[in-house]
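Order of writing sets the labels: A, B, C, D and E. Residues in every chain begin at 1.
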């Protein structure tokens, strides 16, 4: 049945100025499954994720999503306003009243940084704030582009655990990473 | 609820980024204060030059206020998130422009009317110029947003080049309105004219701008 | 059912007709005819106008620049209209050829507008005693020129042609508002420039001896400009489709 | 050699970033083209308002040209690299300002003289205003750079507020100079006055600015 | 002898707004040695490196450098002008005539990207361009803040090899990384 899939891609291809980046990319993802997109630098992983999100149109092929699929996405850019405090950045998405906020903050070691402006956080802390916002948004499908970049081993493990919990709960996950993650997932490699 | 959150967000971003908010207002004050200094004058000259300077500086300040209005959200990835969230992009554009008008356009219109009082010592003309400025600032904001959306990643020089032809008719009408105020004729005719322009573009342009932004994100 | 078939047929037809390849070959056949006819019309208009019409009562011989100025001013605006229509066609029906055409009109438009500005300026020296005046029609013509430049640089600043075409088209359509403004500027604002109803001489309407050659000059000029547009569109098609086989074959 | 590389770099960055280079020039042209339209004019009014508008817009355009002049290098980390390389920061600031003047100040002075020809139809006043504009643009650039360095990370609103009082005396002198040109008296006196101001700040300010920038990087 | 050390730090401490980030940090580095600064996110690694560079002044303690020490530094920010091409970015440092350029470019898989503006490169490619500039500058001491972030395994190995070659040739190296690198180095951990 079609509808058991969260997302399905058929023969995707992407050209930029008539130069092919990738061709014939197909996959399908059920609830509870994870997909790890691998590939060398510049092979088109980020582009592919953006196509799956519907931001960039593909040159060929189609992406089918389940009806009313709620998904969240974090790319290389954190989408944080560096001149605002962590609190403000969270409330920009209307998440400041979320009940899980407190505990997540202390898990990620950010409790004391709530009123610090993001520009004054360290590289890894900024990434963690961005991830925190993803954690707080309930989504059926999570798309993450190199989420492990800059995280210390502690936060790395936390992120893995969180993602696995989400997978158990029936979300889908698509991510890229150059380093091993420890999440059980289907692999696919762009060359 | 959703709209309220969007409005609150835009207000928060604008206010916290004093460069974007207080900057244009300060610059406007700077111009209006500085320009009499450059004229060695009888106050007659001064009020002659007042309106051109007022209109031009409003044009400029609105340009400044919208500089990079979409760029920040484009560069830090916020726009992509927004696109994904299935909210209406054109609604967001509308609210963003509206917020800029509220926080920059309105104060500047007030200040403009106030400076008019200073230059011409005439309350009635201030009362007449105020609504015109309110409308004009909104129109300029919309037009510059249009230019900025087109030249999103390519810098505001291009945006200015593009918007310039569109703003001039409005300036011309303002010039007419100025004469109308001075000689106390036809004032409402011109006010209604720019109001008509505004009411056409106020909803049409956000829709166009949102399509343009989508094209950029591709 | 029938309607759907009809739509499909029409779409096929448009598609066929709007393929750059068909356009290219059709235009190649048309081009020499258009060129020679326009040249002969324009030249005879100029000969008629310059040598066989009387000297103007007020302006003397200087008014004869009209055979240059008025066609150029007129065509400059018409080109913009054509470009805006092409852009709309592209945005609505996604006809690639329309985007190519719009893009190829822009530089020609800029050129013709420039001619209008220069000829007007030259004409201004003997008549108004100044080569430039911040009058509404002149300024709006200058704006038209800037608009063309803006369109060209907008398109050039993207190396992704798809994006460039879309953005170009949005701007071209919005920018169309200035055409009526230029047209009406002389009526709406008191101005040094000739309003449409009043002629250079003091007579209430233009003298037929001037009108007919002027008319011919406009047609001839328009034809010549159309030829340039055709050349420019061929260049555009070459740039975009140089990887396609038919272009390689043609070259 | 080293200086040449620095100069070349600044020129490259400025020219490639059309927003920073062509933008201010275009905006200047926009103002000078637009302002006659706002006056329902007899050409007499027009030349009355011309000088104030010219000076104000030069002030503004120089402000625009220096907006974020150090911010980009600060944000992308170039300034840190520069600091490490043991080259002289104040030399770099000097060259940066000089390049901005060459690529923006000079063209705008030329355009200003040209527009003066258009508005007043008088070659000799154009020839007189040109050197004054050259000097004024340089002074404004230096002052705005100073303000921008102070408010480096805090947005240009603060920078403007700081610089504003410093630019006013220059504007006043320009106003005087304008009268001097019109009545053909004392012209050189005022020219020498602003030249004197320039020659004091041209080397002193880059040194001050470089110290301020170092403080920001800490 | 003092002079055999490239760089030496004595009891460094850093406070921000009277909150201690680290205290009593001492080390010394000879030519040919590498120092790996470890620590969790926000522990002050980047701050420390900036202190060693002399950008940020320390609250206490001192850094001694060998006379005329030439060093190069790459932080979290790439110091690239995204609106310029790769070529222009290289020539900004006066390195475009460097004889090693061609071979390094092809090693890093960037030969075809020489005239692409940096904004159009992928995340990892941008990092590689920044590293390329470090490779081209001859320096006695190299300070790198998480240089491995975003690199694919190929480029990771290349970077390691390059750094080891430099160490052999007698340069010093100080770097931070959350992931294992394979470079033989002294470790030091900030907490």
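Keep this in mind: a contact is a pair of C-beta atoms (placed from the backbone, for glycine too) under 8 Å apart; a residue touches a chain by one contact, two chains touch by 3 or more.
All figures in this text were calculated on a predicted structure; none of them were measured in a lab.
J.: Please identify each chain that touches subunit B as well as subunit E.
T.: Touching subunit B as well as subunit E, we find A, D.
J.: Count of steps on the shortest touching-chain route from subunit C to subunit E?
T.: Minimum number of steps from subunit C to subunit E: 2.
J.: Determine, using the mean of C-alpha atoms as each chain's centre, which chain is farthest from subunit D.
T.: Greatest centre separation from subunit D goes to chain A.
J.: Which one of the chains is farthest from subunit C, going by Cα centres?
T.: When every chain centre is compared against subunit C, the largest gap points to E.
J.: Using the touch rule from the top, point out the two chains with the most contacting C-beta pairs.
T.: B-D
J.: Between subunit B and subunit D, what is the gap in Å from one C-alpha centre to the other?
T.: Whole-Å distance between the two chain centres: 25.
J.: So, what's the distance in Å between the C-alpha centres of subunit B and subunit A?
T.: Roughly 38 Å, centre to centre.
J.: With chain centres defined as C-alpha means, what is the inter-centre distance between subunit C and subunit D in Å?
T.: 39
J.: How many Å are there between the centre of subunit A and the centre of subunit E, using C-alpha atoms for each centre?
T.: Their C-alpha centroids are separated by 28 Å.
J.: If I count partner chains per residue in subunit B, which residues reach a count of at least 2?
T.: Residues 17, 154, 158, 161, 164, 168, 172, 218 of subunit B each touch two or more of the other chains.
J.: By residue number and range, which residues of subunit C touch two or more other chains?
T.: 136, 139
J.: Where on subunit E does subunit D make contact in their complex?
T.: Those in contact with subunit D are residues 50, 53-57, 71-73, 75, 77-84, 88, 91-92, 94.
J.: Considering only the defined contacts, which subunit C positions touch subunit D in the complex?
T.: My answer: residues 130, 132, 134, 136, 139, 142.
J.: Contact residues on subunit E for subunit A in the complex?
T.: Interface residues on the subunit E side: 39-42, 46, 76, 109, 113, 121-125, 128, 146, 149-156, 178-179.
J.: Show which residues of subunit D lie in contact with subunit C when the two form their complex.
T.: Residues of subunit D touching subunit C: 33, 36-37, 41, 46, 118, 121.
J.: Quick one: in the complex, what on subunit B touches subunit D?
T.: Per the touch definition, subunit B meets subunit D at residues 17-23, 26-27, 30-31, 34-35, 37-40, 45, 48-49, 51-53, 55-57, 59-60, 63-64, 154-158, 160-161, 164, 167-168, 171-172, 174-176, 178-179.
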